[in-house]
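Read from first to last, the chains carry the letters A, B, C, D, E and F; within each, the first residue is number 1.
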Amino acid sequence: MTTPVKLEPLDSGATPRFAGLATFMRLPVATPAEVDVALLGAPFDSGVTNRAGARHGPRELRNQSSLVRRHHHVTGRSPYDVARVGDCGDVPINPLDLMESMRLIEAHYRAVREAGATPLTAGGDHLISLPILRGLSTGASVGLIQFDAHSDTYDEFFGQKVNHGTPFRRAIEESLIDPKRMVQIGLRGSIGDPKNFDFAKAAGVRTIFIEEFCARGVDDVMDEARAILGTGPTYVTFDIDAIDPSQAPGTGTPEIGGLTTREAQAMIRRLSGLDVVGADLVEVAPPFDPSGLTAMTGATLMFELLCVVADSVAARVYG
Amino acid sequence: MTTPVKLEPLDSGATPRFAGLATFMRLPVATPAEVDVALLGAPFDSGVTNRAGARHGPRELRNQSSLVRRHHHVTGRSPYDVARVGDCGDVPINPLDLMESMRLIEAHYRAVREAGATPLTAGGDHLISLPILRGLSTGASVGLIQFDAHSDTYDEFFGQKVNHGTPFRRAIEESLIDPKRMVQIGLRGSIGDPKNFDFAKAAGVRTIFIEEFCARGVDDVMDEARAILGTGPTYVTFDIDAIDPSQAPGTGTPEIGGLTTREAQAMIRRLSGLDVVGADLVEVAPPFDPSGLTAMTGATLMFELLCVVADSVAARVYG
Amino acid sequence: MTTPVKLEPLDSGATPRFAGLATFMRLPVATPAEVDVALLGAPFDSGVTNRAGARHGPRELRNQSSLVRRHHHVTGRSPYDVARVGDCGDVPINPLDLMESMRLIEAHYRAVREAGATPLTAGGDHLISLPILRGLSTGASVGLIQFDAHSDTYDEFFGQKVNHGTPFRRAIEESLIDPKRMVQIGLRGSIGDPKNFDFAKAAGVRTIFIEEFCARGVDDVMDEARAILGTGPTYVTFDIDAIDPSQAPGTGTPEIGGLTTREAQAMIRRLSGLDVVGADLVEVAPPFDPSGLTAMTGATLMFELLCVVADSVAARVYG
Amino acid sequence: MTTPVKLEPLDSGATPRFAGLATFMRLPVATPAEVDVALLGAPFDSGVTNRAGARHGPRELRNQSSLVRRHHHVTGRSPYDVARVGDCGDVPINPLDLMESMRLIEAHYRAVREAGATPLTAGGDHLISLPILRGLSTGASVGLIQFDAHSDTYDEFFGQKVNHGTPFRRAIEESLIDPKRMVQIGLRGSIGDPKNFDFAKAAGVRTIFIEEFCARGVDDVMDEARAILGTGPTYVTFDIDAIDPSQAPGTGTPEIGGLTTREAQAMIRRLSGLDVVGADLVEVAPPFDPSGLTAMTGATLMFELLCVVADSVAARVYG
Amino acid sequence: MTTPVKLEPLDSGATPRFAGLATFMRLPVATPAEVDVALLGAPFDSGVTNRAGARHGPRELRNQSSLVRRHHHVTGRSPYDVARVGDCGDVPINPLDLMESMRLIEAHYRAVREAGATPLTAGGDHLISLPILRGLSTGASVGLIQFDAHSDTYDEFFGQKVNHGTPFRRAIEESLIDPKRMVQIGLRGSIGDPKNFDFAKAAGVRTIFIEEFCARGVDDVMDEARAILGTGPTYVTFDIDAIDPSQAPGTGTPEIGGLTTREAQAMIRRLSGLDVVGADLVEVAPPFDPSGLTAMTGATLMFELLCVVADSVAARVYG
Amino acid sequence: MTTPVKLEPLDSGATPRFAGLATFMRLPVATPAEVDVALLGAPFDSGVTNRAGARHGPRELRNQSSLVRRHHHVTGRSPYDVARVGDCGDVPINPLDLMESMRLIEAHYRAVREAGATPLTAGGDHLISLPILRGLSTGASVGLIQFDAHSDTYDEFFGQKVNHGTPFRRAIEESLIDPKRMVQIGLRGSIGDPKNFDFAKAAGVRTIFIEEFCARGVDDVMDEARAILGTGPTYVTFDIDAIDPSQAPGTGTPEIGGLTTREAQAMIRRLSGLDVVGADLVEVAPPFDPSGLTAMTGATLMFELLCVVADSVAARVYG
């Protein structure tokens, strides 16, 4: 194993957190070729069917991520000790053209992958996972673990097949995801049609509703999830609306009765050791987040994800 | 059983949730005679002794209820499949005359009952339960299950016997409620007088404080509550301040350490099968709810209540 | 002249303003065929290039319009005495498909026109004026008076010719508007290109920047505007960002140094006597309007516009 | 002239403004007998017909008044050099009984008058002016200058003669006010009935609408107002909704196009030399004032009023 | 035991909670010599390294404490029945001089102690605990129980040894605290250095991270804490950031995944019977608390602390 | 004249304004040596005596400056065509040590000057002007034009001579500023001492209160100001509290009755042609700016200042 050239966040004990440009985790700006893990923003919300605003997510997540320090308090370890991590800026998108944006995002992530970086993305609405998965695809399906209030495996809304309620159905149809290696946790909320989950179930996706989660607890659920995901390449997607709206009000489609941040943190930590090929945290909508709490929650969960991704990347690259 | 003429909410997959007039659950406007379950607003807060604002509750609950879809995700069933439900508008009140408002509300609910509809009301402060119970009364006492931080069985404030801290004492005194079939869940918060609960206890009301609730859990508590309520006619009243202020800050008299929405949802679902003659959700005060979270929580709990009420009505009417 | 069947708002001295469904001006819901002036919402913001949110405009404008009473305090007259005015609901749109929305809106306004109603529309972003003008078109160009911080006569953004910065260029190109009978008032703010106004000027549009307005005052400017508009059919479009952001912060592209509401009210009143074939008030974006002030300003200006439109309609219809 | 025992605010150059109990202007708590000018709160809003919240006005006005320093910057003089001024606490009211509150307030102001203090009151809704005038009455009518968006000389709302839209009609009927010595400035906003101003005009009240004010300017209007008020005893009432909602959004019935604070300050300064027997500033509603701007505006205008009242009192008492 | 002269809060059933000056718990203003328990504010935040605002904490805690009533609902007992409690105002501080503020605070608490009162302080940032402990010191070390997200036993930030991240290291070094009788509960959040906790652990401080707390629960953790604290004199310090940001967003350094208020209340109640020589509740930062929820939570927890302190004082003084 | 290597902001017609890192005006990050005009942040508020928060100013000004485009709409010219402008990051400061911060800032600006760049700084509180003037000093006094509600020429607060109320007295005493070439515009607000302005007046500073400004108007006042400033080197300082709080609520010491943004823009434009050696815009305090309006106003005024500074620099450098 070769020690990477370290990229370090600013030290909040020397430079105040409120000072300086707001990059993710106060990290240096870098190109994908310069990093092992690329932190990226996808300022895009043309896929939403209800309240827009996630286009402003990357900026506020960067802003609030100034509150995050270097080391994880449970492990005492720093992701920056095991992998080069940098802020690789925002993905190009076209706010007036949904389909062109799909192509732009896909091409951008293809380039990220070809540069050798593993992306951790701040959305944007959940539709971004689709072009990200397309761009990262090397031909083989990947596993998926999805924290979410909604299944996002619907067929269409408003006659459109591409929107933030459908990305994972499209990804399954395109064999980007192996539905047998796909788990959804935290589903809840009233539904437009009782058949909403039929596709996912028929495809073999494991859907864990909040009620089942509450009855079983973090450890039991994550044991099962890890068994399903196995050792193959896996993508992690975290929709902030998985979290209860009291801890993450600023999102387009909130649903009460959600995960607590304690539960979410514990579950993300249980992802340690998976072969993670990418991750995202989506649907933070700052216009509906007057106190900044949602972005703060999101930024902290991004750090939890980063610790998992960095370890996985380190094992692949330096391991 | 006759299939009712269905009244359906707008489909949010075809008409966006932000479009159209804000009726409860995006349902059609209807008269009580046209529905089995009447959704009503009581824009009234002259009964409050601290912070006003619940007068704006019905409008914001309507607004946020656009986020609710048709089917319950646990049962897969829709209340609109078993009963005719419509938005029957707001109750007339006089903001300058407390006692006249009492009379106006009572008369309105008498008319609703005589039209054959079962009301589910959005308050308004908790005093509205008193004229509603009067209007719905057919002479016999009903059971009551009350989710609340406060007992609301006090005798008087400011020398007045009719206010939002006294409705259930008055209702017991008037034999509208059978105190032996009355349960209160979620009580907490500092009290002005240690004798505050003496009346309720002497009358036979079962008061379950939050501490007892936490120790026993939803299932145990609801088993007892159902045993107390039995099979007789029952009214359900849900004060939003039963919920923790992190999930429902917008209310006049918040108390920390409250119910979570998960617990509340689980308890309301356990009401299934009761003979419900009416229900309300009260004390949502939008001026103290900058993020809209309280109204969103309230609207979702109204949908949970609606599922229970619709089933009960269906059993009575079409059963 | 035949006295119309009057449609009246609820009386706020009898029914409190916070009570009842939030329709425009507390008017009855009606079909275009039942009214002379159709108040309509266009919950659409897919045309914005910066901050979305105007999709929520119609609902909040309806909500705040409950504060408006029946008679204008300067004239003492009521628009409801001279014309039938009703809330005709929201225009159908597709939040995922910009071009389909253009077609849906155009078709809807063609139907409104064919029903004999003159529309006063609450946006929505400024792009909606384009399909409205298309739908209202009878073949001949109309005059246009535009209150706005921006000219909206640009050619394209993000490679797209149809967005909220281009509607009036398209409308001129399509001969929907006669640029010789077009006036823009309140223009200001930094610009991407010094040639931004070349098209408008070359076409003969009269552009009155805020600096010229300040130097000349309301009366002088409006004398000129009326001379340009003449007696032909005229459309009135009011972008809320014409108003200073201190009085209308909730909009997508605010620019400091704007019109005061006093100035705006005075200018709208000077439109009296024009032959108005339609009007709109656009770009109210509630997610950026925490205090509700923008929607309140917008609703009051809609009432000012309504008084002008109703008089014009009355002259045409009841002569 | 005897130099009074001075009561001084805390010095913000020695004790920070954010420190200490929030009394009006950081003054000592005192009884009416200990002061020449009594600063009082009237935490009462049972008279409102639309949005409540002015009950919280006194507390927030006290809070924001910590920003006010001792000397007026134009005159260089301090009201505390010419009169003893103290915070005399809040008036007793009954939030559940409008009529009892009327009696409580009246009795309290009678006692204030009998103690020899001149009251400057922070409301509360505008109805409080009525019991204040009753309590201060010595039998003879007083003059009134009213800054307001609304005339408040209506006859009744909701069948009630006593509410925040009627105080000055009642006061004229009871001969508390001499309508020939009464001026209203800043009136505007849509009206429910074109006859709304008939009573005031018939009684001889001078009503100056915002349009007339704008055309004439501060000096011309105030010259006329002073001529009307003359040298007799005069009460000054300032409804915060006289100010434009951009500078005072937190009020129950805002109307756009209002006075600027500059204009208001200039007009209050022109009251200097009148024989002022009392003053109030009403309708600050903190729940609708998320930024605190309204209370800050109100507290500063209270200081402007205080300078006028103190000089008037000094002339009477120490003259 | 001598019955104290009782100092009682205003009765919210007779004087509305929104009325009157905002003192802590609506108690009378008093000098330390007049009370057994002195409620004090420390409007100081010069020790913060990130977001300031705790200087405004005392005022908002006073404001929100109007919602607290006299008796604890679990015990039915009132602290005002067992001890004289009053609002003793704010500590003098110098916002421009950190070190002088340290001296001012220390001297003030020395005087409080010498007057015979036990202080319960509303911060202010956490640095205030250091000069408080200095001022209260009689020479012997005291035990400490600290509810906090952060250990605050770091050595320095920005080259400064005295700031809100270091008070307890300084206090241990100065033998104000006996580290063998010190417990920290609720620690969490990313850390700048994995050695951050080395000092505390080497000194013998018991650090209980949130993960351990969640695994063991309130009772088990508090059993251990009480065993560590023993029967000696103990200081209680509660940093509001111990609470989850959903229930206490308004603080300078929030960390997700925190204690619930239910848990906090249960733990404070378990302090009953300790020999408490002082307590504080710190880091409430109102500028980051738009809904007031943090101050409301803080004020209620202050009442919980007050019940413990009053009992302890009563045992010492009247016991 | 040599055409500079142009540094250009991102084009908002190609890259959305909400995308990308938030640098000032969306400009490239650069070192002082790479630019003619250095945009800098000074995240510092240890000099405030009332409400802190200006430490967060630079970040929010950067954030809101994404709304600003390239060309001035009045001149049609772009500052980026005449000078190289870049975002040179934030000045180092120590939030725990006021005097060390003074030294750090001074040294930083000395280096900026020595690198050949002219600084335009986003504060921070007004104290930063003092170390900036020290760092820029070449020995000779400069002229100063100050837009401000407060004179900031006081002697001391809390026994400290260095704070945000005293910078210009210190600067005059240190001969950094020539008081005969110093003008203050917009002064207002209550004062602690009638002698507050004696120092400035005795020194020869021209103080123009808001009352004088209103009476004379922009042109007359600026004619005089330009005559006073003459052709010598001049520093421009703009305290955002010069602007009325309705347009700039988010500041530490707001005063009603201030400048409008229209007036401010007109005055800044009248600075064209001066020999400007530096400028700052200070006292934007985001925690008190819930809608972002203050930062938006500040960012736009920074652009107005930039146009003046760039022209002046171009005349000096490329002239």
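We take it that contacts are C-beta pairs under 8 Å (C-beta built on N, C-alpha and C of every residue); 3 or more make two chains touch, one makes a residue touch a chain.
By chain, with names taken from UniProt: A, B, C, D, E, F = Agmatinase.
Predicted, not measured: the structure shown is a model, and the values here were computed from it.
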Far-end chain from subunit B (Agmatinase), centres as C-alpha averages: F
Degree value of the rotation bringing subunit B (Agmatinase) onto subunit F (Agmatinase), based on Cα positions, nearest 5: 180
Inter-chain centre distance, subunit B (Agmatinase) versus subunit E (Agmatinase) - centres from mean C-alpha coordinates, in Å: 38
CA centroid of subunit A (Agmatinase) to CA centroid of subunit D (Agmatinase), Å: 56
For subunit B (Agmatinase), residues that touch 2 or more chains besides their own: 16, 18, 49, 51, 55-56, 95, 157-158, 244, 246-247, 288, 290-291
Overall pattern in which the protein chains touch one another (line/ring/star/complete/other): other
Residues of subunit A (Agmatinase) that touch subunit B (Agmatinase) when the two form their complex: 49-51, 156-158, 187-194, 209-211, 214, 244-247, 249-250, 253-257, 288-291
Subunit F (Agmatinase) residues touching subunit A (Agmatinase) - in the complex, by the definition given at the top: 15-16, 18-23, 29, 41, 43, 55-56, 58-59, 62-63, 87, 89-90, 92-93, 95, 290
Contacting residues of subunit B (Agmatinase) [partner subunit D (Agmatinase), same complex]: 45-49, 51-53, 55-56, 94-98, 157-160, 162-163, 287-288, 290
Residue ranges of subunit C (Agmatinase) touching subunit D (Agmatinase) (in the complex, touch as defined): 11-14, 16-18, 67-74, 76-78, 244, 246-247, 260-262, 265, 290-293, 296-297, 300-301, 303
